[in-house]
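Shared between the two complexes below is chain A, which pairs with chain B and chain C, respectively.
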Partner chain A sequence: MDIREKGKLGLTGLLIGAAAVILTVLGNPGNMGFCIACFLRDTAGAMHLHTAPIVEYVRPEIIGIILGSFAISVATGDFRPRGGSSPVLRFIIGFIVMVGALVFLGCPLRMVLRLAGGDLNALVGLLGFIAGIGVGCIFLSNGFTLGKAEKQSAIEGAALPGATILLFVLFLAVPSLLLFSESGPGSMHAPVAAALLAGLLAGVAAERTRLCMAGGIRDIFLIRDFTLISGFAAIFLAALIGNLITGSFRLGFADQPVSHPMHIWNFLGMTAVGLGSVMLGGCPLRQLILAGEGSSDSASAVLGMIVGSAFAHNFSLASSANAGPGTNGKVAVVAGIIILVAIAAVVTIKERRKA
Partner chain B sequence: MKDLDTSGYSCPEPVIMTKKALGHSPDGLRVTVDNRASKENVTRYAKALGYSVETTEGNGNWILKISR
Partner chain C sequence: MDPEDIKVATFHSHYGAIMFRKRAGVDAELRPVPRTLSSSCGTAVFFTSPFNPAIADENTEAVYMRDGDCWREIWRK
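Now for the complex of A and B:
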């Protein structure tokens, strides 16, 4: 059973890694076949939530991932509307995860894709990510929890997938309502149909296998289980082979696509993402999948990420490619980590008193 | 056999709850889970420790009987 699960996760990873390289060939920015943080940010820009002109586009990959998870979970009985496990805390944690990801310039999934493109800054990010997950695991094994979720109505569970469909319809029918970049990463994208299809496939596969970038490392720390990490490894492998075939593999720190070489901020940005992801029960990709399965708690985290991305660009918290973060971004990441640790510590101490 | 109800909690919490509960009652445990991810994770964890797991489904939940 364990081997079968690892096999399924491996296949899912290979599919997502290969799809990512294909999306890049079809027009997505470098090492950005998929990036949940960047794509939520671009989508927030398209919806006028921020007005950074180079990062505005409704990313069909995001729509596909949520709807793929929604469709397959309805079909298989995994769609179970649940909610009420600290929704506001989850919103705030999602917000901080997004700020950390935009200081690093990518979510954990893009971190793996960047590694597979030879971007060594992502290796520094990975070390920070592991450190953040390690801290999160210390809290988890000492009793940290965001509390119990209760059953919710089907309409509550379907609300975010429904909003996603509405956004996609508006994108196709009245694009003039939305903003679209004319230059920069937001202007670079694969054709809509290809991006949507890749998202749907990724959503279905990730729902069935529970693929999670943070969960793989967390399970190794907590229970010495190597099942989830096999998905992570397979994405790396498929994207590495794809990049070698297409000639886009370049090893080094300097001049990598949508990346910067400020080590400390790559490290700390991903520390915030790792810690926040463990507190939320999964990485940004996993939050999209869980939201598709009817979790309004994960939907809260996704909304927090969207608002976080808008703040990140309205208040210059996000890094710029090559130059890295400005003062605001540095302060925000450090403050974000402090807030995450404070939330985790307060909850853990309270839980231990109860026990 | 002791009962552990993990309904409402999502992974990894049911696994951690199982880990702690097995520490107190190492002979076995009856764990209720309410989602597929937790069912698979708790089962995998218990099997890795050398327990056998018997699963019954009902009422939208799964009951995992973990025993030596």
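Now for the complex of A and C:
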């Protein structure tokens, strides 16, 4: 069973890694075939939630991932609407995860893609991500939980996928309602059909295999299990080979695409993402997949990430490529980590008293 | 573990799994929840000793027993 699951995860990883390289060749920004944080941020910009002119675009990859997960979970019986597990805390944690990701300039999935492109700043981010997951595992082992999810109505479970469909219809039918970047990363994108197809495939495959960037490292810490990490490794391998073939591999810290070399902030940004992801029960990609399966808790986390991305640009928390974060971003990341640790500590102490 | 005797318990939290394993005997192991049981990626406890409902608590979700190639539910909170 373990070998079969590892095999499926490996194939899923190869698919996503290869799709990411193809999307980059077709027009997405460098090492950004997929980036859940960046693409939610771009989508937030398109919806006028922030006004950073270079990061506004409705990313069909996001729509595809949510709808791919929704469709396959309905087809296979995995669509089980549930919720009520600390939705407001999940919103706040999702918000902080997004701020951390935008200080690093990428979600855990893009971190792997950046590594596969030779961007060594992502290696610093990976160390921070592992550190954050390690701290989260200490809390999990001592009682941390956001509480039990209860059964919800079908309409509650389908609300976020439904909103996603509505957004896609508006994007196709009334694009004048939305904002689109004319320069910068938001203006760089693969054709809509290719991006949507890649998202759908990634959503279906990730739902079937439970692919999760944070879960792989968490399971190594907690139960010495290497199943989930095989997906992470396969994405790296496929993207590395793809980048070598397309000539996009460039090893180093300087002048990497949509990246900055400020090590401490790459580390701390991903520490916030790692810790927050463990508290949420999965990385940003996994939150999209779970939201597609009908989890309104994960939908709360996704909404928190969207609002977090809007705040990150409205209040100058996000890093600039090459220059890194400004003062606001640095303060926000440190404050975010403190808030995450405070939430985890309070909840853990309360759970231990109950036990 | 003897495959015929294997049972698996699923939980609402990782801590619930840790506490259950302590009560389930020496042959109990923490492992990922089998994909066939759940689309969640939580922690399960695999064990072979007879299941006593008294070792379950509010964090325990369900217990399954191996039945050929499938899992058969034998207890649910």
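Assume the second predicted complex is superposed on the first by the 355 of 355 C-alpha atoms of A that agree within 3 Å, B and C clash if a C-alpha of one lies under 4 Å from a C-alpha of the other, contacts with A are read in each partner's own complex, and residues count from 1 in each chain.
FYI, a contact is a pair of C-beta atoms (placed from the backbone, for glycine too) under 8 Å apart; a residue touches a chain by one contact, two chains touch by 3 or more.
Model, not experiment: these values are computed from the prediction.
By the touch criterion stated above, A:Ser141 is placed in contact with chain B and with chain C alike. Look at A:Glu150: by the touch rule set out above, it reaches chain B but stays clear of chain C. When the two complexes are overlaid on their common chain A, residue A:Arg59 makes contact with neither chain B nor chain C. When the two structures are aligned on the shared chain, A:Glu351 is found in touch with chain C, with no touch to chain B.
In the superposed pair of complexes, A:Thr227 makes contact with chain B and with chain C alike. When the two structures are aligned on the shared chain, A:His189 is found in touch with neither chain B nor chain C.
After overlaying the two complexes on the shared chain, residue contacts for A:Asp78 are found with chain B and with chain C alike. Overlap of the chain B and chain C interfaces on chain A comprises residues 1, 5, 78, 80, 140-141, 145, 148-149, 210, 215, 219, 222-223, 225, 227, 281. Contact residues on chain A toward chain B in their complex (touch as defined above): 1-2, 5, 78, 80, 82, 85, 140-141, 145, 148-150, 210, 215, 218-219, 222-225, 227, 281, 290, 295.
Partner chain A is touched in their complex by these residues of chain B: 7-13, 15-16, 19, 34-37, 40, 43-45, 47-48, 60.
Interface residues of chain A facing chain C in the complex, by the touch rule stated above, are 1, 5, 73, 78, 80, 140-145, 147-149, 207, 209-210, 212, 215, 219, 222-223, 225, 227-228, 281-282, 286, 293, 351, 355.
Within the complex formed with chain A, the residues of chain C that make contact are 12-16, 18-19, 30-32, 34-35, 39-43, 59.
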